[in-house]
Amino acid sequence: MIIGDAKNRTLVPSVAIAGVVTVAGLALPLDPALQYTLIGALAWAIAAIGLDVLVGFTGQVSFGQAAFVAIGAYATSAFRLSMGLPLVLAVVLGVGVTGVIALALGSVVVRYRIFGIATATLFFGYVVVTVLTGDTFSTVFGGANGLAVPEFAGLEAGGKGYLAVTGVVLILVVVATCLLNDSQTGRAFRMVKTNEAVAASAGIRVRQVKMISFAYCCVLAAIAGVLYSGVVGYLSPEGFGIKQSVNIFAMLVVGGAGTVGGPILGALLVTILPGYLLRDGHVSAVVFAAVLLVFLILLPEGIYGLVHRWATVLGRTVPGLSAAALRSRSRWATAGRAGPRPPAETPPDRRSSGSDTGGLALEVDGLQVRFGDFVALSQVDVRIESGSVHAIVGPNGAGKTTLLNTVCGLYLPSQGDIRIFGSSIRGVKPHRIRDRGVVRTFQTPAIVPDLDVVANVKLGLDTDLKGSLWTDLLGPLATGGRERVLESRAQWALDAVGIAARRRGMLARNLDLSEQKRVELARGLVGQGRLLLLDEPTAGLSADEMQALAQTLRQVHRDFGLTIMVVSHHIGFIRDIADAMTVLDYGRVVGTGTPDDVLARADIAATFMGVETAPLAEAEDL
Amino acid sequence: MQTSGVRTRRWVPVVAALALLIGACGSGGDSAGGSAEVGVSADTIRLAASQTLSGPGAASCAPSTDAAKLWFDKVNTDGGIAGRKIDFEVLDDGYDPARALANVRTFEKDKFAMVGACGSATAAAIYKTLSQKGIPFLFPTNGVSEVVKPASPGIFQVLPLYEDQTASMVRYGFEKSGKGSIFVVVNPLGAYQSAIDSAKKQATDLGGTFTNSAVATLGTTDYTPIALQIKQAKPDYVVMSMGGSDSAKFVNALVDQNAVPAKAILGTTASVAGSFLSSYNPGAASKIFFGSAIQLPAGKDADCTKLLAGTPAVDDPIALTGCASARAITTAITETKDLTRANLMKTIEGWQKKEVAPGILAELSFSSTDHIGISSLFIVQPQGRAFRTIATCPYGEDVQSQGACTAAA
Amino acid sequence: MGLLLSAGISGIAVGLLYGMIGFAIVMLYKSTGVANFAQGTLATLGGFVCWASMTDLGLPLWAAIVVALVASAVLGVAVYFVVIRPRPSAGNLNITVRTLGLSLLLLAVMEWRWGAGAPYRFPAIVEGTGVQVADFVVPAQSLLIAAVAAAIMGTLWALFRYSNVGLSFRAMAEQPDTARLLGLPATRLSAATWAISAVLGTVVAILLAPSSFLAPSTMESYLLFTFTGIVLGGLTSLPGALLGSVIVGVVSNVTIVALSLEAGVLVVFALLLVVMLLRPQGLLGRPESVRL
């Protein structure tokens, strides 16, 4: 679903864009029509920023954004006109009503991926226009002929005063959105965008996160609607149809998704170009569509990303600039580390509760998993002692990953039961299973590529140190304490898996494979993990890297008394770390016991012929 | 680490460039000339229109301003009005009231008057602003009653409101084929509930009955469900107030479902469009009667007929109306001695049974309290791919008090 | 009662049209993962090519139809190579929005070229009074639509289900990377899918145009209900798309007749939400398996 990378810490450039546009609009003697168009563009920019949180940061989609702009605008105006409420109260109620409707719709659509959400939001937009046009509510909303909006507290609709108010609201929205995106909630958005299943197994409440994102998106739409209604002075359903929803999407794409500042640039271009510069309807429509396609195909990072890329090139070629850049980089780097680093050996508080020994960590009884007619696992029994390392081995397609996915709740068993630390996981959601201490890694490291390493590890604590939307919107003022704890634990976990300090500020995608695997491991270790599921931690690693990883695993196993269930093809690695192993073939258990006993069996040795030498084929297995 | 500190510095020139760009766009014209009235100089009169030039409505709307432009060009080549040439600018609003209002803001500083165009919703959105600023708004195609009732200063229209038209058409039908039951179908053009209500009132007042009504969005693709409702209700008359191609689709659905009413299908001026003629099923032609503001086919000697001769627009009622309206505007300007907006309004309010486009438009009568100009409605019937006027009915504020219709020669 | 029955039958007729467009969309979605929002405008453009071949080139209807079908196949392939194929790494959402952009572009071009004078009256392939069922007269054109729909859907379904080509399509849909590794010509298959869906669209446009007339935005209002039918049917199921579309057609027409047009829209939307809530995999769809 990814439409492009999201950018981190866009606060300064984004506020700069919003501020400069506002100040320029206020200072320059603008043609009244342009000034009017500019205010409209700033209002639409707010709606586009909301959509950016949903699309660019959370990886979801909405083709009904204009409908929420309409709801905010109409509800506020109706509260003022029909009920005679004062402006401020009407705005609060209007935005609130929009939020409630968004939550109601959101609770249904977040269950779906693109196709479902796109259809439902598109249809919702159509329904809103139909209801506003229809005669059922025409006494309140004016029907097809629309509704005149009274002036806002004496502000002339297209005047400088109104521009100033719109600009200030836009800047506040930009600040809140940037803070949100860089917060714990924002990191959860990014993980949901990268992979919902992985996010769920890391303890993130995926639906809840998507609903927060959707509601935030719609609330910004409502705020945009209020401002827009004031500058236009007239509301009619015609202006909020599917076409306008597509326009808002275009602002996002052209400006740059996942940037906050980009949608402002997009809104200026999309609104001012056809509205003010290209006045021939047909030419304007063709140009608009062509520009949108060019951006989608050739410049998916949008204007913001493009300028950012140019600026980077410029910085490299102009020595003065890059010196300045270096200075500010080091300053930022120190500022970024909140508080003094705790000593590496400080374990998180829960470690004192002692390690898991005695009893069974995992019991799998008569498990069957089917996909349609295909039986992936059949009559599988596995028992893992607490505090042991248990390997799962078997040829490609034996069902090893399916077993892990079923244990962490991503797949549902069709028969049999799984108990973790004695209690069944039947009907338990993946993030709840994570709450019981099951953490896992994936064959292809499931990290968020466009977040930095430390932020990736912090995601492992989403369950234990939950953020709240309200504090996250306020930024470090409100979340500083929590962030310091998150930071120190993340640094501790990165120490434990041996990621060099200088690599920790990099984007996760820029690490090499073995480092990415360690980051994922750190994300698992950092929280309340008791049972660690590792899926092919050795795939694609060199012999040296494999040995180093084995050592790290042994160390964390010893230090924290974790139970580890590991899928691997590398017999050497398994002999090295495992206390017991289970062999799967064609979805059935064909052997279980200590590695030495099991591997001594001739039939099992045959199963493994050639596997050890073909680790590359593994990358395709799933 | 790609820090934002880096980006901060690098953004400075970009952001500055952006500011310059906005400034460059904004430094355009600030002058209006030193004339006594806005939009009028020694050699130019500036007129403007906000028109639906894009989107689904464009095809049927654009011909009216295109034809107006042709008329103004002709006036200019004939030497203009008292030595002044007409400058006519049209901006697209895509049938979006908000954009129409934005266009008005663009125009208000240097245009003398607004030429009416398509669209009830757009007219409803802009008329208050125009009226408050004293800018004349001449002859929009509008169905929203508040725009002209009561009369707002400077807002004049030729066409009767749809609610008055549906009542007139019911009266015409009953007069012609006897009273009976009616079924009303409307697109939301202006105040459509009132269009239904007035048809119902007229029918019951004249001793007929009202069976039911249906509302369909403009651009509905399948009118079969409504045709089935009508088939069930079996009314004597179907009264409709619908756009041109919607009227055609609806009539075709009636024919397909054998649901054509026993007596007649009665429609408003909104149906009188080229898009109806090009696509309706002629099987029902003999039962179709539409009210029309213009005589069809237009008189051969009329100025607009000659102007449009040889183009497809000569058969397009909307283009003819646009040209006739433009001719009315130039007539008003010519008759206004000291050309100010207020004097122009006075000229128009003084028109009684005024022939502004003989052979096309019926006589217009305005007063300070009545800003709807039509004094009689033509009744037209489709014949093949053309309309033909078959009667003229007196039309006015109070339909009851009018005399009978007269059949056309 | 007779009225509602007639409305139901008329709903089936219109549902078959939704279903045929839905077939094209589901086929593309199954094999390329892209929800094609340009399906409607591609279809309309095919209709205009047919119309222009008759009026500008003076071809008879049957020849114009052949020209339009061939042209839309070429167009489908061109769209794939120019709009869809570049930068596949941008992700499905990006590519889905590309189809939206393409739709805007085609619409703008059609408005420019053919907008003035639209809608156009389009000749029916068959004339005649049709058949009376209950109170509803099924026009001859609707009978033709039903026959064509049945033939096309049957063929495509059998193709997907039983032939080698269909197997390749399915392999590509389930595991695109693996399919490529197995040596399936993914590019050619995708291009072919685009061609087939564009042709299918044109067929629908030609069948629909005589009753709804030909205008640039003719198919727009069909697209929403088509997508709804697809979601009801289960996104990836061809018979599901048909079933969902017919349900949408029937529910909508019955509600319009019983209540009002506005209610028709609301009831279909409510139906969509209820199905999404209670049966997320749709009526005939399989639950989505997680991909990691």
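As written, the chain order gives the labels A, B and C, with residue 1 at the start of each chain.
Here is the rule we use: a contact is a pair of C-beta atoms (placed from the backbone, for glycine too) under 8 Å apart; a residue touches a chain by one contact, two chains touch by 3 or more.
Note that the structure is a prediction, hence the values are computed from the model and not measured.
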{"item": "Identity of the chain that, by mean CA position, is farthest from chain C", "value": "B"}
{"item": "Between B-C and A-C, the pair with more C-beta contacts", "value": "A-C"}
{"item": "Between chain B and chain A, distance of the C-alpha-averaged centres to the nearest whole Å", "value": "51"}
{"item": "Chain A and chain C: spacing of chain centres that average the CA atoms, whole Å", "value": "33"}
{"item": "Euclidean distance of C-alpha centroids - chain B vs chain C, Å", "value": "36"}
{"item": "Set of chain B residues in contact with two or more other chains", "value": "54-55, 58, 215, 217"}
{"item": "Touching two or more other chains - residue numbers and ranges from chain C", "value": "111, 115, 262"}
{"item": "Junction residues of chain A, two or more chains touched", "value": "130, 134, 282, 285"}
{"item": "Residue ranges of chain A touching chain B (in the complex, touch as defined)", "value": "8-13, 16-17, 20-21, 23-25, 28-38, 40, 130, 133-135, 138, 143-146, 148, 158, 232-236, 238-239, 243, 265, 268, 272, 275-277, 279-282, 284-285, 307-308, 311-312, 314-315, 321, 324-325, 328-329, 331-333, 336, 452, 505-507"}
{"item": "Chain B-facing residues of chain C, complex", "value": "2-3, 6-7, 10, 13-14, 111, 115-121, 130, 135-137, 139, 211-213, 215-218, 221-222, 253, 256-257, 260-262, 264"}
{"item": "Sites on chain C touched by chain A in the complex", "value": "29, 35, 83, 86-87, 90-94, 96-98, 100-102, 104-105, 107-109, 111-112, 115, 177-178, 181, 224, 227-228, 230-231, 235, 262, 265-266, 268-269, 272-273, 276-277, 280, 286, 288-292"}
{"item": "Chain A-touching residues of chain B, taken from the complex the two chains share", "value": "1-12, 14-16, 18-19, 22-23, 25-30, 53-55, 58, 91-92, 94-99, 101-102, 105-106, 108-109, 120-121, 124-125, 128-129, 144, 188, 190-193, 215, 217"}
{"item": "Residue ranges of chain B in contact with chain C within the complex", "value": "54-56, 58-59, 62-63, 214-217, 219-222, 224-226, 228-229, 231-232, 245, 248-249, 252, 256-258, 274-275, 278-279, 312"}
